[in-house]
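Both complexes shown next keep chain A, but they swap its partner, so chain B is in the first and chain C is in the second.
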Partner chain A sequence: MRNGYHIVVCGSIVPDPLQTLEPIETPGGPALKNEMMLPAVLDPWASHALYEAANLASKVAGSKVWLVSVAPKAKLQQVMMTVAQKVSFELVAVDGPASGFGDAYGVAAILADEVQSIAGLDRSRLLVFGGWESASRGAGVTMQLVGERLGIADQFQGVDQITTQADGSFEVLERIEGGRHQVSMCSGPPALLGWATGNLPEPRNNPQVGMANMRTVMPALQRAKAAALAGSGLRFLSTTPPKQQRQTRIVKNRPVEEIAQEIVEWIGK
Partner chain B sequence: MATAISAAPETLHTLPTDLVRQIQWRFADRYDLQMLIQSVRAVARGPVARLVAAGGRNSHEWTEQKSELLEYFDKSGITAVFMEPEQGGFIAGPKNLALALVAFELAWVDGGAATGSLAGCLALAPIHERGTPEQRDHYMRLAAPAQPGEERRPWRGAFCLTEPIPYVGVDTGMLNGKLRVESWNPGDEPILHVEKRGRFITNIGFANFVTAAVDSADPRIKGSCMVILEEGDPGTFDRGTPTRKLVHQLSSTGDPIFSLRIPASRIVGGYDIKDGVIVPRFSHSEVIEAVFRRTRVTVGVMTAAKLLSAVEPIIRYQRGRFRGAEMATPGSIRYELGLQQREDALHRLVDVWAAGEASASLGFAASRLFDELDPIEREIDEQLTQRGITGARARMKIFREAWDEAVKLLDLPAYDAQRAKLEADPMLRFVQMDSLADVLCPATKLWNTGFGSQMMREAVSLMGGYGITEDCPGFLGHKWMDSQLEATYEGPEAVQRRQLSVTMTNPVFLAQFRNWVREMREIAATHPGTGACTLATAMLLWLWSIDHLQHTSDADGSKLYHSARQGVTFPLADALCWLVAARCQILDVLELERRGGEDAALADGLHGLLNFMSDLCHVQTARASGEAGRICAELVFGYNRHPAWDAEGYKSCYRAEDLDELESIMPGIAACALDVIATDGSHAGKAGPCAGCAGLQQFQVLRSRLDICLTGCRLAKDRAAEAISKIMIPEALDYPA
Partner chain C sequence: MAAPHKQGEVVEKILFLAHVDESCNVLPKAVYEVLGLAIDVAAQMNATLTIGLIGENVDTAAAFIGSSGATRVLAVSGPDFAQPRYASDAAALEAICRAVQPTLVLAPATWRFSRVLPGVSHRLAGQADTHITGLEIRDGALTASRWYYRQRIEAVIRRDARPWFLLLESGCHKPWTGEPGAPSMEKMPVVIPAELRRTNVTGTRAPKSEAQTIRPDADLLFVAGAGWTKKQSDGKVHGEEAESLILRFLELSKASLGGSKSLVDQSGDNQAVLGFMTHLNQVGQTGATPRHPKGLSTCCHGEEPHVVGWRFIHERRAINLDPNCGWARGKADVLYVSDAFEVMKRVNELLATGSEKKEEATATAR
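Showing the complex of A and B:
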């Protein structure tokens, strides 16, 4: 890719996974108990996408990364204190609900609008990244809808790897059944990739990176306009937590084989 | 708070989040610090916690695994916190609050890791505070972690003051480390010889340089100073054997021996040559005073972190205590609440939490104060230097003159226009803040670590037998023991009390303290639930007592308030610490109310959070006031001799026959008379006639008022306890145990 990619990552925040998530009814529809008070993290699937984006950008000169996020901006700001230290990006923030009960259709509409309004974005270099799922609901369709709205026909879901070629084309590994990958070649951008976990570890915090990012992150948060999710007629008749009981246990120095064995036994019970 | 009380007041829903802390501890606008916290937390709850969980504390040696932590510190920005951006750091301006936050996050998991990181700063601190610009630049750059693309290992430092017994420990006056002139060719820089032995020196296992306190043993060198020693200097740089510590094992400690040749340019702050004598610009105690003044605050913050870190593991332990028992089925009270069905378990946890809040509030208030003070101190220093006023005595004279002016202005009502002068005049601002720093620093070090270690013991006991095992979630047993070290190093409690006994009588401090009484009453008017009114009364009692003790003698006519009379000055210092900490806690809750209301992310639970935090304040002010009242009463009455059944004592008694006569004139008087001597000389069987309170009536009025001011405090405790039994906590601790 001669001038580098323009990579736009779509990702929002979810409650910290260690918290107890309890659905409740509110006048505005279903919500999670104490959701606004619980600490939040960047959606893990979107995080993988972001790390992959930054990694790709660092390898292809001239590339640039944006993170587009629809979330309550005060909470997003808290999450940025961690995320902004990990990799370089420019934030595009929209102040709106990040609840898992939002309609994917409305969220995708806002995201697509925001992507389109990024100044200087070059469609011929555009890669839209996101999670193929979300830790808050996992509607599994948000990114497809974003792609459709942007008129991007080359879409890949459950992506674990992208390998770019000098001519701008790239190879993509998508998850399929049985722990196997489907290998595709794409002739070049624009394309949309919904990431699975990818292969990268979580980058370490680096406050120097954070300080540099903050120059654009804070103004972006201040500018963030409020967006209400368009009502699409979606109604929830009832919400219940998953049936299985969550049993969190902390175990030290346990070999992987033993952990696997225990899970197998547990499933068999 | 100020709102009307409903039947079931709104209360706490979740543990306080980062946002809550940012507001309370006043860094909601500092994203550099917010990021720093996240970065340090990842190290603390990641590699540090894993090392502790894996038994890394079970050795005295400096192991490879422990050493790896230093690299994590470098990469996460912890090492660079102390540096200026141009030296490789990323935080501009004063860094006291930043360092306190680093200490807080690391100590949340392990005190030794915190100490290891802080000791590096402690080694640099003499150079930072009093070094020449060249020294500062040179060593700060060396100690900064390598920038991307740079191939360099950062230098690590140790700070060496303490010497083998019988030499310097607490008493910085008695130095055995010696400095001589080894060679001095005319026109060249003198070469010096250093002999220094250290005891309990942190970071010595790997230090590349050491800042050491030494005294002159040569007529060609005047007085004491601090010098910088480097690993490669000619001579002996022996790190000694590791100290067999019971605590803080993730830091390196040992007893080194140095016998080295160094150029005179290594004298911290430089030197002048006067009449053929090397005169260091700063004595070792001048350097150390500037250093400890700041670093002691961070130590106090460490213990606060431990108390607050204990809350979540204790709640989880209490709730899960009976799960798995046949009778404890999900949904039953026994299953859901476990030990939290029991009032005492909850009440004691409230005490731990309240103490944690108060100590954190005090520690962060002190560190913020130093951030404010730093630039003013430098400005004043420059001003005085320009005016040619350099000696400590000459400067003290100037400061004392400013004291009078500052007190006059502080005594004016808050609305008096003249008061603005306090803010506008750098010298007046300086003496005001300086007098406060002189109290808040030792108070933080003394109270947070001393009382904190007592409360850590309480926390440990709430975990039952688990508390004193290595497997205790949150490492509470380690934290308890560690807090004893925090109470000791950088000057044990006695040193802090000694300092307080001087600084708390500074008229500028006392003038501010008097204003705090008014401030607390005003707060109480709008926020009665905080216990501010009780605190105001306790403050008055303390003021009355210190004034009384300063002007009174004991039963033998010896002066009471006197530096040698530690039995008087030290407890009074303790009492002050309780009050100062409780005040800081209240102010932080007020800040939370003020700023929290503006923050959308807090809107949901703010009201309940404020109610709970106010209840904790009330619990803490009650305890603080009780302690202060007890201490003051003991001092005010305790130095008077109790009357005996002797001629002197009889003077205060009625004779039975006199009473009979009086009874006919004033019926009922006999029932009021305290001590009566019967005609046969017999009297009630007790220590002596009851002691009177001549001259102390005002104290008595205040003391009994203080007791009555405790009204409502146990209701607050009940509410806080109830809240704790309902609060939602995460499913598991976010670091291994």
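Showing the complex of A and C:
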């Protein structure tokens, strides 16, 4: 790829998965109890997208990575303290809700606008990345809408791998049924890729990368404009945590033979 | 489904969408379940039901659902629609939707549809919801259930926007089982211009292991955790033994294989462990949420980020050396506090004898 790729990663923050989540009702619709107090992380599949973007950019000279994020500014700043140490990127921040109960249609409209307003972005080199589903809404809707709004007809979801060629074309592996991948060849940018886990381990924290990133991250957070999600007519009739836990029967000090027989019987039932 | 439609309310127009499977001849199983649901919803809401089909050749598939009672059957077919490519699938589905002008679009949440229908909803100025686990009519209006925060909060939702696209998970309804028939099908010509052919689907690739370990239709999910690769009571790691016990069990039981994040991450790091495990096997918050009637967890601690992936596993059992592991705290029906190496070895022996006996019995019967 001559001149390198322009890779824009869309990704927000979600509560750390080890936290217990409790839904509450607010005048604006459902929310999480103590949402602003819960420790947050960069949405896992979006973070894979970010690592894959940085990896690709490091291999193709002239490439550049942006991270576009709609999230409450204060929380986003906390998360950036670690994320910024992982890989190089330029942050585009919008101060808005990161709730899973916020509608994908409103979020996608903001994201697409922000992508379009990035100065110097070259569509002929553009790869839009994101997580194929969030850990909050878990819908797989947002990125498709961003692609549609940007007029990108080459879209891939559940992506685990991109292999680029010198002429700018690339091969993509997308997840399909039965633990397999669908293989596609795309002639080149612009394209949109919603990432699954990919193949890269989480990069180690690198304080130097962190320092370099922070020079642009802090001003981006200060500049972040506030945005509310446009009303979409999505209505929640109820939000409930999973029902009662199970009564676990704990089988201790039983011979292996008996346990094995019980399991085989249960499997065969 | 409760509370049927009341007189005088807005009449919904339902479009049920399906695509042929990779063999290009039959419909995926999930199609029959969602068709059953669509027929039910249409009856309860006094709505009309239209079927839309896409694929290279839809004639055989259309005959399977020919007697479903749909008022119209529309299809977009031909070589351009053999491959599940976003650009051409979106064009085909958009054309069907424009022709039908539905208010509700019901479709199975196959990978092919999941990666394109939300995009199509935008073109139709409609809205889409995915991973729907059930539909219900309340006060004459359709409501849908789905999970938020990766299976940790269940919500019932409703949308004002029309068309409302609903992608339904498997297991949401009994499959439709009507007789085949010969529907009169309207074939719609859709031309795919060069700019929509920039992507070419060249095929599918199986994971690096030879054995297919993910079997969505299996009765049992077998989960392996990081304990299989940890030092055991003799102070040693038994990776090879773990590998052969697990593969043998999968072969005998035909179970689908899941893994904890800790275990699949090790495989990614190229440690010499369980070579057949990939990220596709991962169950949990950042992995899959498979659907099986039963699940057996082994050497996995049962931490919350893992167990949220078990939301749709009905009967759950676990084998763990630790009586205080997560499974003990209301996450499994039965926890066997025991050594999984020993238990699974014996389970395999019993299953092997069982299948030999079965074979003998069939031979004698012949």
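As a convention for this text, the second predicted complex is superposed on the first by the 241 of 269 C-alpha atoms of A that agree within 3 Å, B and C clash if a C-alpha of one lies under 4 Å from a C-alpha of the other, contacts with A are read in each partner's own complex, and residues count from 1 in each chain.
One rule holds in what follows: contacts are C-beta pairs under 8 Å (C-beta built on N, C-alpha and C of every residue); 3 or more make two chains touch, one makes a residue touch a chain.
The shown structure was predicted, so the numbers you read here are calculated from the model rather than taken from an experiment.
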After lining up the shared chain so the two structures overlap, which partner does A:18 touch, if you call chain B first and chain C second: first, second, both or neither? both
Is A:82 in contact with chain B, with chain C, with both, or with neither (first, second, both, neither)? first
So, does A:115 touch the first partner chain B, the second partner chain C, both, or neither? neither
Between chain B and chain C, whom does A:252 touch in the aligned arrangement: first, second, both, or neither? both
Of the partners chain B and chain C, which touch A:39 in the superposed model: first, second, both, neither? first
Using the touch definition from the top, say if A:233 reaches chain B (first), chain C (second), both or neither. second
Touched partner set for A:144, first chain B, second chain C, both or neither: second
Residues of chain A touched by chain B versus by chain C: which partner has the larger set? C
Would you check which partner chain A:174 touches, where first means chain B only, second means chain C only, and both and neither mean what they say? second
Where on chain A do the contacts from chain B and from chain C line up? 18, 20, 246, 248-250, 252-253
The chain B residues in contact with chain A across the complex are 13-14, 17-19, 31-32, 34-39, 42, 53-54, 75-77, 80, 90, 473, 599-605, 728-734, 736-737
Seen from chain A, its contact residues with chain B in the complex are 16, 18-20, 33-34, 36-39, 72-75, 77-78, 81-82, 84-85, 204-208, 210-211, 214, 218, 246, 248-250, 252-253
Which of the residues in chain A come into contact with chain C in the complex? 14-15, 17-18, 20-21, 23, 30, 32, 44-45, 100-101, 103-105, 135-141, 144-145, 147-149, 153-158, 160, 171, 173-188, 191, 194, 196-197, 199, 201, 232-242, 245-254, 256-257, 259-261, 263-264, 266-268
In the complex, go through chain C and note every residue touching chain A. 28, 84-87, 90, 110-112, 114-116, 118-119, 122-123, 127-131, 138, 143, 147-161, 195-196, 198-207, 212-216, 220, 253, 265, 268-269, 278-282, 285-287, 294, 296, 303-305, 308, 311, 315-317, 319, 323, 327-339, 342-343, 346-347, 349-351, 354
